[in-house]
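Letters A, B, C and D name the chains as they come in the text, with residue numbers starting at 1 for each one.
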Amino acid sequence: MTAQNANLVCVVDKLASRRKAAEANLPGVHVSDNFSELLNDKTIDAIAIVTPVESHFSLAMACLKAGKHVWVEKPLAATSQEAERLLAEADRQGKLIHVDHTFVYTGAVRKLKELIDQDALGRLYYYDSIRVNLGLFTDDVDVLWDLAVHDISILSYLISTPPTAVSAQGVAHFEGRRANTAFMTLYYPDNFVAHINANWLSPIKIRQTLLAGEKKMAVYNDLDPVEKVKIFDSGVQMSGDKSEVYNTNVDYRVGDIWVPKLSIREALSLETEHFVDCIINNKKSETDGLAGLDTVRILEATSKSLAANGVPQEI
Amino acid sequence: MTAQNANLVCVVDKLASRRKAAEANLPGVHVSDNFSELLNDKTIDAIAIVTPVESHFSLAMACLKAGKHVWVEKPLAATSQEAERLLAEADRQGKLIHVDHTFVYTGAVRKLKELIDQDALGRLYYYDSIRVNLGLFTDDVDVLWDLAVHDISILSYLISTPPTAVSAQGVAHFEGRRANTAFMTLYYPDNFVAHINANWLSPIKIRQTLLAGEKKMAVYNDLDPVEKVKIFDSGVQMSGDKSEVYNTNVDYRVGDIWVPKLSIREALSLETEHFVDCIINNKKSETDGLAGLDTVRILEATSKSLAANGVPQEI
Amino acid sequence: MTAQNANLVCVVDKLASRRKAAEANLPGVHVSDNFSELLNDKTIDAIAIVTPVESHFSLAMACLKAGKHVWVEKPLAATSQEAERLLAEADRQGKLIHVDHTFVYTGAVRKLKELIDQDALGRLYYYDSIRVNLGLFTDDVDVLWDLAVHDISILSYLISTPPTAVSAQGVAHFEGRRANTAFMTLYYPDNFVAHINANWLSPIKIRQTLLAGEKKMAVYNDLDPVEKVKIFDSGVQMSGDKSEVYNTNVDYRVGDIWVPKLSIREALSLETEHFVDCIINNKKSETDGLAGLDTVRILEATSKSLAANGVPQEI
Amino acid sequence: MTAQNANLVCVVDKLASRRKAAEANLPGVHVSDNFSELLNDKTIDAIAIVTPVESHFSLAMACLKAGKHVWVEKPLAATSQEAERLLAEADRQGKLIHVDHTFVYTGAVRKLKELIDQDALGRLYYYDSIRVNLGLFTDDVDVLWDLAVHDISILSYLISTPPTAVSAQGVAHFEGRRANTAFMTLYYPDNFVAHINANWLSPIKIRQTLLAGEKKMAVYNDLDPVEKVKIFDSGVQMSGDKSEVYNTNVDYRVGDIWVPKLSIREALSLETEHFVDCIINNKKSETDGLAGLDTVRILEATSKSLAANGVPQEI
């Protein structure tokens, strides 16, 4: 992680193999196995925490108490209580918490945000995302905390109003493992609904999101290198004349399709620049601690509903 | 609807326009607006009911009481109670109820059934189907009764054990209309789970189903004319060695893909032949009244759960 | 073939099986095995000839001499000399020759024509078409006369200036059969070039055409039901600054993509209406005898070049 | 370029910017602007030449005369005469010439070779490749020398017998530039034919090759990360019964499709290992000077035919 006005000075890793790789790839960067070196180094302003979820709280807290700004991998913490304590400490220290909600910094998601802000889509009906692949079975979180977290952070960026409740379902097919196949539905005001389908047991990798509005509808396929975001006219025909609606069926679609050019700047490059800019110019991060906390709160309620086979949980 | 050993002799329709079309396209077939003509015609053995759901019960009951075998559009009836009364009457009359669960007669679904019966997929993990498009807003049923019913009937054909509970979510975006965007999860014994995603508000038409098992996984894309069903090796790596699993990620897949040739016989042609065969040779239909009743029971429980924002309902 | 202001009154076919089918499907239409009945029937104004190529000349000539307008399957005739004699006879009789260049009446090709007429594509660079599939081995013509004829007729509709020369290559893999795999390149003024790739030995069916211009480029995939025609900005960077060009490589494309809505009217329905309109209102057909003659002339030169392994032939 | 048993010790580049990048990315590697340093360094056994085509001869010749093994970017040289002189010098010096025909080292091409060696495809009918994109307009070579060279080198690896003649067509749309849109057909014994379609003016990037044989047919789409190579049964029906052939049309295909798993090892990694192995164990490279010479000879004949608008040239 480097950016203008910032230098990478030190990497700390417990694993010897990763330290070796860091030394080979990052000439001139100090590599260590001792976390306290980071905390004690007065020349260090910010620390990025890229570790398993359960360690986020203790590491981030230590950084904040040492007066460092922190960049934390998603999700911010393992519980909302941990996240709240991190936010409180950041306030006390006057330091920044930036959560790595990477997708918020992609050209595709920023284009969708732009269209929503321009009211190009009109009143929003639903966000429907499928995020499945043959995945590694992580031990620390279930598939929703691992994959759906991306959609939840995208939603908190795109949709100004927070969800009111969630209903989730899931299955853990393997002894002693967490849910590997799960589904969640977020209820929002004004009948907007978001649905996320995630699993680690899919023969094919799918990263497709439908975002439907009254005026336009978007199809966002993150695996398509050329046509990631397509914009369609909405074909909803609420007039009495059903023949029209039949025609849209026959016709597959009702208007032109527009495939906007997206920024191809690497998300991580934009995100690191933003992080450094927030620190230097004392700005608020677009994916700050609060966004991180909201995401964790939603995931907590989701886990409760999943354990109850879909009984909705208020958020 | 014609088949060997059967003749279409009469068509009854309330709409003059449709009667006109029938006369033009079906030379030699008697066309009428009087339903009782069908019931009173002693030369007629079977009647197909292709009308809105709310009329299925009264029409089918009249046919059965008149001693006719009946073919009923899906779903069999508007309530399980209606369906049960139809089954009882069919028993009394010794007549056949055949429900038009068309997909059961497609080459794709029959291939999946064949693979399951051969245990080629191994222990089943999940069935995950998305069935969305720009649709006609029917007034009589919601989107699950209109579209998910296809998946429910496919499941009752593929999976021998019935589901134990359902959790459903949905939204009705338009005043006075039923849910047009909905999701449902069916819980089965042994951690098998089925998920169905259906809406009438999608910019693109999708008909894709994932069927994942311990040995093999199938992708069934009904819109692909050439590669409707693809069979993948399962990439689940539950061994301690995670590096393997990482490799499957890098590698996208773990083995060859097999795209079996499917029968291209038109489903309706196979289905009508089966219907006539069942009548003549007194056989049980593969989609008989019981299959129709099971489907309606599941849809009823689904509607209850949807109204309760996902509270699971036993089936 | 029916249309407003026209009635199908008689079908003539040598094959008993096809006559049987015609009788079943066309109630009220006289079916016969005697071609002269068509010629002698004074109530008949126009005759459609849908037969093997070698029979087009004698049948069409007989129709014209009998004072009938003719619709002829593509290609118009087996030689340009035959085609010229048909045109001369049509002039003498004041009757219409319409050649069934069906693609000219599709929404996709008409959209391309519209874009060219508006100079939306700018100066045209090339037309590049691939038209392959697992095909029936016809005995009467080779694969270029069978498949490339579609592209040649599309080109004569789209491009105002005729080609000046052709170079063709092909292979006949099977004893005593004509070329089943072939390629042809048409040279036009101002460095416009057209390339057509056709075969009957492809494992997959492809119907894709690239039409590239200085301002915009079109991709026409006739097998895509939803996005048949896509319009791209042209990415040609002739400025000295190569970095720009490198960027377009990295970026895949240089601007938005536009997928225009196309008319979904069936081509044959539009074509028959046009045919009848030309007869009744004495208009010139968009695919008249002259277009048919040009196509046959190009195919003749193409066959010469193919026999000479690519030696170019002037047209 | 590194591999087991080999170390990268020195990089020479005329451009200061590239030398700077090399220094940053290759810690411990000596970076220089003086080519003679490479020649004079006795510890250097092999030199890789990655420069514009016109410089290949003089640089490679200097390396060989200095007793170094050489790795040369494709094409080996600008003329067959240059290539022949390099081969002669390599013989004299007992040194290796390895040409960077990278695709020969991909999992996809090696799988095709394996299928051909096993006679799994049967008698080969054709190789048909399209290799188009929005490209950089290089000044030193035309589009066939830049892109078709890949297919020519793949063909020389896959097909044991060399082509006998070539017919090529092309257009240079821009003042003072070489052909940017071109087509070539290679004639082989026994009616095998290869066709290559290449341009730098395509709105979409295509890398698709059809390889058709009597038993099986392969579709190789290099842009598909998951299904690069698909194997189809051949649908050729030469029996008298055309109805079968019609059926294959209706049916799209005649048998199962098989998508073999490919090695995902990076081609360049396999190629460098092979290069070092050839040097250490005195083996013949799979893409040696002779393969490089054959490719240049074919390109020379191709340019002659292109200049003559397709007049075939013997090879």
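Assume contacts are C-beta pairs under 8 Å (C-beta built on N, C-alpha and C of every residue); 3 or more make two chains touch, one makes a residue touch a chain.
Since the model is a prediction, treat every value here as computed from it, not as a measurement.
Undergrad: Spelling it out: a chain qualifies if it touches chain A and also touches chain B; which chains qualify?
TA: Correct list: C, D.
Undergrad: Same residues or different residues: which describes how chain C and chain D meet, taking over half shared numbers as same?
TA: same
Undergrad: Quick one: report the Å distance separating chain A from chain D, using the average Cα coordinate of each chain.
TA: Using C-alpha averages as centres, the distance is 42 Å.
Undergrad: If you average the Cα atoms of chain C and of chain D to get two centres, how far apart are those centres in Å?
TA: Whole-Å distance between the two chain centres: 37.
Undergrad: When the C-alpha atoms of chain A and chain C are each averaged to a single point, how far apart are the two points in Å?
TA: 52
Undergrad: Mind pulling the chain A residues that touch 2 or more other chains?
TA: Each of 204-205, 226, 252-254 in chain A touches at least two other chains.
Undergrad: Does the chain-touch network form a line, ring, star, complete graph or other?
TA: complete
Undergrad: Spell out the part of chain B that touches chain A in their complex, as residue ranges.
TA: 125-126, 128, 130, 132-137, 165, 167, 169, 171-174, 181, 183, 185, 187, 191, 193, 195, 197, 199, 201-205, 210, 212, 217-219, 230, 232, 234-238, 242, 245-246, 248-249, 252-254, 305, 308-312
Undergrad: Across the complex, what residues on chain C touch chain B?
TA: 27, 204-205, 226
Undergrad: For the complex, give me every residue of chain D touching chain B.
TA: Of all residues in chain D, those touching chain B are 225-227, 250-261, 264.
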